[in-house]
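Take a look at these structures.
Two complexes come next, and they have one chain in common, subunit A, joined by subunit B in the first and subunit C in the second.
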Partner chain A sequence: MTDMTTASPIAVPTARPRIRWNRVGDHAILIAGALFMLLPVLLTLTTSTFDNITIHRGGLQFAFGPDGFENYQKAMFEKGGFTKTVDGMRMMMNSLILGLGFAVGKIVISMMAAYAIVYFRFRFGTIAFWIIFTTLLLPLEVRILPSYEVVQNLGLLNTYTGLIVPLIASATGTFYFRQFFKSVPEELLEAARIDGAGPVNFFINILVPLSQTMIAAIFIIMFVYGWNQYLWPTLMTTDESMFTLVRGIKQIMQVWIGANIPDYGVAMALAIIAMTPPVLIVILFQSWFVKGLVESDK
Partner chain B sequence: MAQVNIQSVNKVYANGFAAVKDVEVQIRDGEFVVLVGPSGCGKSTLLRMIAGLEDISSGEVAIGDRVVNDIDPAKRDIAMVFQNYALYPHMTVFDNMAYGLKNKGMKKGEIHTRITEAARMLQLDDHLTRKPRQLSGGQRQRVAMGRAIVREPKVFLFDEPLSNLDAKLRAHMRSELKELHRRLNATFVFVTHDQVEAMSLADRIVILNAGRIEQVGTPMELYHQPASLFVAEFIGSPAMNTVPLGTRLGGMLANTAGTLPAPAMTIGLRPEAILAGPAGGPGIKGHVAMAEALGAETVLHIEVPQGGTDTRLTTRVSGETRFTEGDELAITVDPSRVCWFDHEGRRIATEPATQPAPRKEPLPAE
Partner chain C sequence: MKRAQFSRPLFPYLLLVPQLSIIAVFFYWPAAEAIRGSFFLEDPFGFGSTFVGFDNYYDAVTGSEYLNTARFTLVFTALVAFFSLALALLLAVKADIVLRGAKTYRTLLMWVYAIAPPVAGLIGILLFDQSIGPITDLAGLFGYELKLGVNYWDTAFAMVLVSVWKQIPINFIFFLAGLQSIPRPVREAAMIDNPSGLSRFFTITFPLLAPTGFFLLIINITYALFDTFGILDILFKGEPANNPITLVYKVFLDGFRGNDLGGSSAQSVILMVLVLVLTVFQFRFMERRVHYN
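And then the complex of A and B:
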């Protein structure tokens, strides 16, 4: 704060801008933090451009190597796994279906649940909300066995339905939408009532368009969350053609039979590929999201 | 167009709070009625019961010849303008107005005609494709009115629609509203807490206090013949001087005012009923504690030192007055403009007060 105490209210042009040491300190910490977070990703990226023997011998690589193109091509298009039926493209499509289904499903379900809780007077509405809310505390893993049992009995193993539907119920989403709906002015509902809008009409024509920014935010969170699901797809899918990217990376590393060297390079490449869509989604929707927040006016 | 009949309507909330008690009003066809009162008096609740946004605990509301107690707001043939406008923020001005009509299943051509007509009337022609957030407060207000107009309702309901506007715009919108009422010739029910708004807009004012009607009447009736102390003090600015007769000042004023009706407990004097004369003249001696020069008139706050506990009076004099702060003066009372109130605060009907004598002009300044 030294500069603050000496700063005069009249701007005096100085030859050299003074160095603000507290600012420098702040930035140093931020940059160090960013590097710390980025380093593993960066190492994966650089290592993914080497052949397996180099990686096996030399470990992680800090510079780009010559085999990048080949590794990425292999990761995307070479049929892998035990059965040699599934390539990167297939896994990416599976991940995309899971991520999108997961996000869209969660948004639809949680919006409707929140709508019911906020706008309709049920006798046990509040209790229902708190029951939903407490499930926030329970991670997916707690109920993974019963869920598996149910899906298996329904014969939904190795299907997209089985992959997505059991995960769709969302306490987080319901909670966020509830808070959002509560912030929508009461008069809007009353105006709509006078304008002759029924519950469905009000939901579709007023509430959903108003929630755009909220939907975008939840979509980002849920898509990334769904994309990164590991345990559930691992349990659910035994058929390799149903594998997701996250599941596939592990599969490559498991092919370590006899004297074979695992496909390190390809696995790294696949990891980078698996990372890209969520990053794109975040970047893409973020600008949208900020714009929506700035313009929002109720 | 229709009259609104409100018959012994009550509103009791689930927690036992009675917001509206036994209200009975007949609003005539094409009338501009203003519901006014302090906050929490039940005026908005009453309006919302007419709109159908609030259940009626007991009693009957009829619009036209139809009892609407159990009829959906959309089917009551009413339109409502809200305090915060309640425009749909994601819709254009056109869509905001069209939404209700679309829900009714009206044909596109008809919707278009109605909106064009309303937009022309409200000078919104150039803004039909804009979103509400791109409009100023006054324009949003007009859109809210436009949304009401296109419905062509029997009754227009306004819930403090001007209170979000700044003072200048409010005065302007007041005249626009009056003009709109004249042009549409529809029944208007308007809620406000601002007595100036009530006085300037209303054909008749319904003044509410703690859920009950205090008085129903034209603005002039309320001003000159307030039914109670509450009305007397609520209507008019500066407020009526009300002095209990038990105080020394009360006694002095009563002596000047002449005949005293038997049960009177309080004397009420509009500022213009108190006449300020030069010091040494006849009347009660006092001095000017504060002078508010408003231009055309000046409001004098007069201190009467011999008055006992209650010593302040206000009067209005011409803007050309030479009285300033600290000046001594003598005040007299115009006997034709005195109001008397009994121990319950009810006004005692007297002959002179029902027919106020024409004001003596020019004002006796000095």
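And then the complex of A and C:
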């Protein structure tokens, strides 16, 4: 904190006659903001390395402790829940399947639909456009109960299909790709047609390679969105072996109720495990992610 | 639409089949079911249902519980949207000015975007825990006994705090992008005309950011209404009891716990109309923005 804001003016007092208090204030605000975002998670991380008795007696811990390995091993490999069938590994696998399945499915399906809408002239084109874009209006949360009933009628409860496919039923991806395809220069299609490229050829050899950055950005956004789903998996999965990590958080809370000393350490370890993959992806691919988010405008 | 297009009779339909069939089964069918169900009184034991017209709507809207929930949702949404937008704007303005460490600040202020709402809720519950929570301890220092999950207002405070924390990053990203897209000549001219930082912000920067702000306002309203479900559900450990809840949470409670299918459907439809109005508003505004750019 100090070396960023105050050290440099003090180190060269003659070169810079006055301390720029404005800048110091700016940095102070930014540092306070960064700490506000960081501290809660940091405390969770450090406290997750202590045993329950210590946490119960001493509260949240500000330094790393000796029991990290044990807590994380328990969170990852000990079978928990009511039926003792699910461990952290299994939930992580389910989260991965949900995140990847959702992101890939959504990208493939919405690219195809956007391609049809932008590049083809056909009857019902406008109607198809409106049918698809009406879905932007209503999030899954407002139609959870009937959606649940539909999935139940189809016998898809506790299946990956039932988990992933209903989440894909929204046009956000199609909307992104439509915007992007519209910005692709028209000359490309004309040139490709002169060279004799058909629609499949044009799509695979020209449009997909052109969209690479866009695909990467949408992939990150959708993966994080899928991984972080809570309400839908909570309703859909009663079989514990289908739980995702985020769904598993609720399970841990329910075990807390009535416990003398709740399993703080393992709960925090699970929270850290559940947030690590999406956080890493967002930080590592920051520029793509920000670009995708800002340019697609939702 | 493109001027140059393919004209194949069948191919575009093939491309559209996956999207359209998913939407038909998992969007239009449930939406239609919700509307249909909202006009019926369903027997909780599954012995058929009776048509009751607008009774479900009438019961929902006139129930004191519903009105309380609606009032709370309104206040909650306003608080979450206001604080997360204001804090994010302040941070974005500062992050746009500083040169040293700009990238680090950007990362530190946006990464929380990736944390799932229920995970944020779990962290919140730890911070507000009766025996180990530092925020509870802090309140204790001032002689206030904070009781998350027991005291209505304490729970409401925790809900707002966690929801704001979780929403700052996305607002920050959009505000910063908006600020950085203000052309350099405009900034320099503003600098010369108006050297005072605060009044420059309100006369130049703020109006130029208004489109971003409006877009974000809608996003934040939608967030507070729907995406906070996970935060709430974890914060009161799945047992809302006397704690404040939002409208979406009530749809879930009445439908899945209370088995009041008709009432829950009617509430769903009311929410649908609300979102519809918001989105139409947003679309019209976005179109206008595109025009004048």
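Simple rule for what comes next: the second predicted complex is superposed on the first by the 238 of 298 C-alpha atoms of A that agree within 3 Å, B and C clash if a C-alpha of one lies under 4 Å from a C-alpha of the other, contacts with A are read in each partner's own complex, and residues count from 1 in each chain.
FYI, a residue touches a chain if its C-beta (ideal position, glycine included) is under 8 Å from a C-beta of that chain, and two chains touch if they have at least 3 such contacts.
Since the model is a prediction, treat every value here as computed from it, not as a measurement.
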item	value
Superposed partners subunit B and subunit C on subunit A - clash or fit	fit
Which superposed partner A:Asn205 touches (first subunit B, second subunit C, both, neither)	first
Greater subunit A contact set [subunit C / subunit B]	C
Touching partner for A:Gln73 - first (subunit B), second (subunit C), both, neither	neither
Subunit B versus subunit C as contact partner of A:Thr85, first or second or both or neither	neither
Touching partner for A:Ala271 - first (subunit B), second (subunit C), both, neither	second
Touching partner for A:Arg193 - first (subunit B), second (subunit C), both, neither	both
Partner chain in contact with A:Gln152 - subunit B first, subunit C second, else both or neither	neither
Contacts of A:Thr238 with subunit B and subunit C, given as first, second, both or neither	neither
Partner chain(s) touched by A:Ser183 [first = subunit B, second = subunit C, both, neither]	neither
Superposition-derived minimum Cα distance between subunit C and subunit B (Å)	7
Overlap of subunit C and subunit B interfaces on subunit A (superposed complexes)	190, 193, 297-298
Subunit B to subunit A touching residues, read off their complex	51-53, 72-75, 78-80, 82-84, 86-90, 99-100, 103-104, 132-133, 147
Of subunit A, residues touching subunit B in the complex	185, 187-188, 190-197, 201, 205-206, 209-210, 212, 295-298
Partner subunit C, residues of subunit A touching it in the complex	4, 22-23, 26-27, 29-30, 33-34, 36-38, 40-41, 43-44, 47, 55-56, 58-60, 108-110, 112-113, 115-122, 125, 128, 131-132, 135-139, 141-151, 154, 165-166, 168-171, 174, 182, 186, 189-190, 193, 199, 224, 227-231, 234-235, 246, 249-250, 252-254, 256-257, 264, 267-268, 271, 274-275, 278-279, 281-283, 286, 290, 293-294, 297-298
Residue ranges of subunit C touching subunit A (in the complex, touch as defined)	1-9, 11-13, 15-16, 18-20, 22-23, 25-27, 29-31, 33-34, 37, 87, 90-91, 94-95, 97-98, 100-101, 105-119, 121-127, 131-134, 137, 165, 168-170, 173-174, 177, 197, 215, 219, 222, 226-227, 229-230, 233-234, 237-239, 248, 251-252, 255-256, 261, 264-265, 268, 271-272, 275-276, 279-280, 286
